[in-house]
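In order of appearance the chains are A, B, C and D, and numbering begins at 1 in each one.
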């Protein structure tokens, strides 16, 4: 019954401890925000959220880096009103700590065994060391920077 | 017309207690007639009535009911014919205790899926006809013998049968009520119902409403004694 | 084995049903052997009376399997917490090789029992019970199915080891891997939708025309069977996806969960009901020329065709409503 | 269709009236039936609610706990391990925990004593659980004495009592400061009882767990999901076991049901004979018997479930208290959140109504196949 006592103990700890404080505020898509590429509600899958922020203060949220890039490479198709020059910043969710990071400076691991809500994904990291560690642990195939990603790479993922 | 051809009913077949209740009876019974089956107890009257009334199937032989051969029908269909064609009046009345007179009268019609309100109306009408409508909501235990008899008759008529079968209907009635019963039967006869009665009560078989008396003995028709009430159109087929 | 109340309930109830069906089969054989409707012998009477009991038991079996089907999926679904990697019923059914066959058998038995009851219904209406022997021979096919199902189910639950790492429905029904389920999931959406609507349209058309004219019963029944299969495939291929609003999630079980308003139950009940009544038309076809059944089967068939059409229409309506109002865009 | 419904209605009507006429005869069976459903439903509702409760609480638990074991037993874990764990990619934070058990001979109970990091307490005060307060009769402001590892008596002032909502987990709890804890148990400042790890991405847990074992071979990581699973199976096992024990009762009940259904009174036999005689068909009598079974079953089922619901959710499963006391001397008096779903009801249905229906089908059929002409021979 030792194990059982342990279970109770953990609950005890919790009742007192409550949650850990979050370090940074992640992008919080509202429950009604939908991915413009696939139409899914984004808020259901906060671990993979990516976003594009525009100069006019508006934004678009995606349920994964892949969908964000699809949008990025073909903006006309998804939103006639927006041009690539309107983009203020790009945010992706870092894999290890789930914090929002700058999408343009992030490192992306391709071909790993981690799947997002949309299947095969590019997994974003804040630095190269994390990306390499991840690639080793999750059988990733390559590390790319934002600039190295091509439209063909994205198309091949579907 | 009801025709019986060489009808035999054996109980407990191929067992030591095998016993032949009806033994090769051939008969023809006319519609709209009153026929009385007469004979000592154990002569097969009741069994014969239950065979004609589609309650049981003969071991051999054929029964034709209003042109239809019924002997090879499974129980399911016999029941259907029975409840549309026959009304039964039993020796002991056999009303169900604990429920009202009205419920008892309606009981045979329940499985037919008729709307209850329609059914109720018809039952009340029948009770009225037999002067027991004031007792409609009384429980049957509180009825007198004569009332119980009349309720039992109302019940027999609820599905509008063309044939009435009565098994020793006067066995539990005094003479006054027995005469009353004869009058009710007369009324039914005037309504052009076919009536089959098993009885050894002279009030019944000597009554002027009876068209034909069939004598039974040991499961066979006793041809030597067809009785005084045998009318001209009586046709007795030769029993083997 | 996992000691869960619902598992015990399923196993115990299955055992009871098995005993009942074995009992019915035993007397079924006796009926096939000793039936002689012409005879008024007591032996025949006893056999005739047995048929009432067997009808009653089969009705219970039919109802039982409907509930059992859902309780099975529901229980299995609840167990996903116990298995690493499983996120819903789909994954838990894969923990050993008995899970899916049990489910399949449950569906088959349900349909089979339904069809048997339809045949029984028609036969009981004919005064000479013309198909009684065929009927009880069919019962002999059902019996081993029920027994196998009980054994498989017991095997499934007994062989459940909580440390097994199973795949979740995401990988099971996700596109791009080569297993039957993932092939179903990766079927192209547009042709699948077209096939689905065509099959529904054809079913409804044939059903209504059968209801009116009583023609092409076999064709209608075969169409129903095909439409049933297409619908099941469609649920995996695109219907579930619209419900989840998640293009990679093809699980046919998660729609049974509360998050989706238990809509799965309505979908599956409509589909199973439509399949049983529609296939019932075809099952009755070979007997419709038997003299005592000529007055019974055609009207029964018409009713069945109508019921099937209604069920399939409900199913199609539910699906269409979801496709139209879903936030998901699969086809642009 | 309308005829069909009317027919069912009429037959049901008669069934109800005959059931009512024989209410005392059916009462004993119904009572046993209700009790059985009550028993089973109580077990199922209770364990399910506990599971649910535990699951909700565990949601906030740390994703991973790292314990050190020496010779297969849990041992204090050096604080120097914290830095090693922090270096693992994907670990956001590592915290130490201090906890243990204290046996109180006066109450004959074990308290769970812990020193939480985020509750500020001075070294001489404590916060206690409702259960502790109840058994020791100590309240806010009273003094509670503990016997330290070296035999010295340490007095603590009760600063507050934990609210009773969390009693399921906090009943036997005593919270104190780290200083107080170390004084009571002679715990060195270089060790903690165990460490908790925060891992943001749950996908990474298993990878991190293997890295922990690799980096610190004398430790054992425990995942929250693992606890959840343990919970799930412990409770399932318990309720399964309980059902297994009750199965004897189910069997006895079925025998009773069979016996009741087959041993019809003379009056009932007479009635069925009359019904058959006046034109009821066998299948209609079977139908009547079916309705009879359904009425008995469903009303007993409903009554049993309602009683069980009241028992579990309003009286906190009072009948189970003696049996469950073995878990902890300080039995928590908690209110469970009502939680019932279709699968629980279906499970109960399968355990009671299905066997009952099947147990009575043969006796009812036998009753229904009375010869119609038996009425003539009565």
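Methods note: contacts are C-beta pairs under 8 Å (C-beta built on N, C-alpha and C of every residue); 3 or more make two chains touch, one makes a residue touch a chain.
None of these values were measured; they are calculated from a predicted model.
The minimum number of touch steps separating subunit B from subunit D is 1. Geometrically, the chain at the heart of the complex, using CA-atom means, is C.
Computed centre separation for the pair subunit C/subunit D is 34 angstrom, with centres defined by C-alpha atoms. In whole angstrom, the spacing between the mean C-alpha positions of subunit A and subunit C is 42.
As a whole-number value, the distance joining the C-alpha centres of subunit B and subunit C reads 49 Å. In subunit C, the residues that reach two or more other chains under the touch definition are 49. In subunit A, no position touches at least two other chains. Within subunit D, residues 282-283 each touch two or more of the remaining chains. This structure has the following touching chain pairs: A-C, A-D, B-C, B-D, C-D. Those residues of subunit C whose C-beta lies close enough to touch subunit D in the complex are 2-10, 12-13, 16-17, 19-20, 49, 52-53, 55-57, 60, 64, 67-68, 70-71, 74-75, 78, 81-82, 84, 162, 258, 262. Across the complex, subunit C is touched by residues 34, 38-41, 115, 117-119 of subunit A. Within the complex formed with subunit B, the residues of subunit C that make contact are 37-38, 40-42, 45, 48-49, 124, 127-129.
Subunit B makes touch with subunit D in their complex at residues 46-47, 49-50, 55-56, 75-76, 79-80, 82-83, 86, 88, 90-92, 94-99, 103, 107-116, 155-156, 159, 167. The touching residues of subunit C, counted against subunit A in their complex, run 170-171, 174-176, 245-249, 326-329.
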